[in-house]
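Each in structure tokens, the structures are laid out below.
Look at the two complexes coming up: chain A is in both, with chain B in one and chain C in the other.
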Partner chain A sequence: MNVTINQKGHAYEVVLEGRLDTTTAPKFQEDITPLMQVSKAEIIVDCAKLEYTSSQGLRLFLMLQKSVLKNGGSLVMKNMSAAVKEVFDITGFSNIITIQ
Partner chain B sequence: MHKRFDPIEGLTSIIIEAVMSSEDMPADEGLLFKLRLAVEEAVENIVNYAYSDGAGYLEADTSVKDGVLSIVLQDAGVPFNPLDKEDPDITLSAEDRPIGGLGIFLCKKLMDSVEYEFVNGCNKLTIRKRIA
Partner chain C sequence: MEHSNTHGLDLHCQLILEEYRDMQPVFATMKEVVLTELQKCLSRFNILVTAVEARIKSEDSLVGKLQLKGHKYRTLGDLTDIMGARIITFYSDEVDKIAALMEDLFEIDRENSVDKRKMHELNSFGYMSLHYICRIPRKLYHDPAHPEINEYRFELQMRTALQHVWANINHDTGYKSGVEVPVEHLRNLTRLAGMLELADDEFSRIRRQITDYRRRVQTLVSSGNFDEVGLNGDTFRSYLAIHPFERLTNRIAAINQAEVMQDAPLGYLKVLQGLGFKTLGDVEKLKHDYSEAAYQLALHQLGGTDLDIISSSLALQDLCIAYLIQNGYGEKDLAQFFEAIQGPGPYNQARAQRIIQLAAELQWPTQQQNHG
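And now, the complex of A and B:
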């Protein structure tokens, strides 16, 4: 999986490409750990090319959501495929993370 | 398909790919997404928890009967029924939601049935999904 993070001031665009699973989640966690320390980070995660996420991905999205709530920032996930959206719906994540 | 992995330590993704490349898998991408998720969550659970030292086996079998795909995973590790775990409370706020604990829940929700048996000293998990 490829992770690209573009920063402009407080705005962070995280572009995900590929499969977020048990193999790729540790690297993604490394990539987003610095973002979890930033005060008032406005994070947008572009999921247009995110093909798949397992519970390993979900736990990281929840960690990110918890961190922005604590740090006064925001998290929006956009362009999710129907299949990935279903995983968010089943687990109730659609209610705790903003999806556009 | 019948495959045996021994020892299983560090083989999570290899086992997942082996099961997903079974000739019994459907072509439909939507179904494959759900099956991959169910297989990943189940295999990961076994690789991480069945054997304290990772030195043990996992046998994976797939078959199709009357349009229903069965995936059977067996190990001789610590007796453990993953279905005993209570479902997560999906109505909690982000602050109150615990991290993790969603794997087997997703497996159950996405498949038609998930059954656990302890037979002949082995954990046996059977996942079923109608594919035709």
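And now, the complex of A and C:
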């Protein structure tokens, strides 16, 4: 899986590409860890090319959101495919994470 | 330190002014100690106030006072307001509560402390605060090099936000006592003071009523008398605190041995009210009547996956979905439900379509109703 992070001031665009599963989750966690320390980060996660997320991916999204909110920032996920959105819906994560 | 007498003060007052100048570091320390101790005390007792402030009387103000009534003071120590602190509360009943704490914190000079709240005459205007004259006790702070810190007195005012507004406006009129106020203005000022005092009392009364109401709701919820409890923000929050959907959540979690992430689904209140639910009893009925369908829905959706994490709000989400479909609500209504819970977006319509298809596969009964 590829993770690209583009920054403009407080705004961060996280572009995900590929499958987020047990194999790729550790690398993803490593990539997003610096974002968890940023104050007032406004993060948009672009999921247009995210093919799948496992439970491990959900845990990491939630962890990222908790840190970002704690630091006074915001997190929005957008452009999800139907398959990825389905994972958020049937686990109730659509209720927790902002999806546009 | 020598200063020239530029204020027309007599020698006696000039000496008081000299002492005031020399003691500036002492008063600065007193100010810091008092502010710190006040904040620590309020924080320890979880009392929220609008402001805690302190100031040292300006030289101009002191000179003015000495020019007017300097003969009344033998030394600087006779002036009790060189350092002044103020606590501004939200509610009038908190003034008494804070006063009791201050009596423990500082040494109170009772003879010179005034409860101006009790000084009103029938024909007076006034709406004032509680003033304590205090000293910093040695147990609180002591510096052997500056014993004056425990000797000089300071004034501590405790008042509500409205009393503070009144005091400031009153000060702005330039009148310090009712006697000086022209008769034509006295009535209006008295009316205004009465209105503010009434507002202060009402705020306290309303807060007590809300607190009582919340206690009653918690009792009713804990005792399971749900039909007697109206559905609103307070009651729904109390209801969620007893984890009403835990059993269903655990049942759903057991499908994949999932971890449950706790989430308070307060956003569902609006939806439940929109569906016409009036009491917590109605929500209990939803849980009673639709838990099996909600479980079947979750089983169908999660059963074929390896997803082993769910949100605790999933149970209520699936209960609502089951209720909507089995009561004849259509695809459009379902999409509106998702929009109400998760916000507008391109996904809601497609998700509603999938759920309707799934309901057909599950052969859920539907009532032929038009909720248009």
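Before moving on, here are some points about what is shown:
The definition used in the following text is that the second predicted complex is superposed on the first by the 100 of 100 C-alpha atoms of A that agree within 3 Å, B and C clash if a C-alpha of one lies under 4 Å from a C-alpha of the other, contacts with A are read in each partner's own complex, and residues count from 1 in each chain.
As a working rule, a residue touches a chain if its C-beta (ideal position, glycine included) is under 8 Å from a C-beta of that chain, and two chains touch if they have at least 3 such contacts.
These numbers were taken from a predicted model, which means no experiment stands behind them.
Overlay on chain A: chain B and chain C clash in the combined arrangement. When the two complexes are overlaid on their common chain A, residue A:R59 makes contact with chain B and with chain C alike. In the superposed model, A:Q100 lies in contact with chain C only, and not with chain B. In the superposition on chain A, A:M80 contacts chain C only, with no contact to chain B.
Touch criterion met: A:L69 reaches chain B, while chain C stays clear of it.
By the touch criterion defined above, A:T91 reaches both chain B and chain C.
Once the two complexes are laid over each other on the shared chain, residue contacts for A:T23 go to chain B alone; chain C is not touched. Once chain A of one complex is fitted onto chain A of the other, the partner contacts of A:I5 are absent, as it touches neither chain B nor chain C. Note on the superposed arrangement: chain B collides with the chain C stretch 261-269, while the other options among 261-269, 333-341 or 351-359 stay free of clashes. Shared contact residues of chain A, touching chain B in one structure and chain C in the other: 54-55, 58-59, 62, 87, 90-92, 95-96.
For chain A in complex with chain B, the residues that touch the partner chain are 21-23, 52, 54-56, 58-59, 62-63, 65-66, 69, 83, 87, 90-92, 95-97.
Against chain A, in their complex, chain B makes its touches with residues 12-13, 16, 30, 33-34, 36-37, 40-41, 44, 88, 90-95, 97, 99-100, 102-103, 105-106, 109-110.
Residues 54-55, 58-59, 62, 80, 82, 85-87, 89-96, 98-100 of chain A are the ones touching chain C in the complex.
Residues 258-259, 261, 263, 265, 267, 298, 301-302, 305-314, 317, 338, 341-343, 345, 347, 350-351, 354 of chain C touch chain A in their complex.
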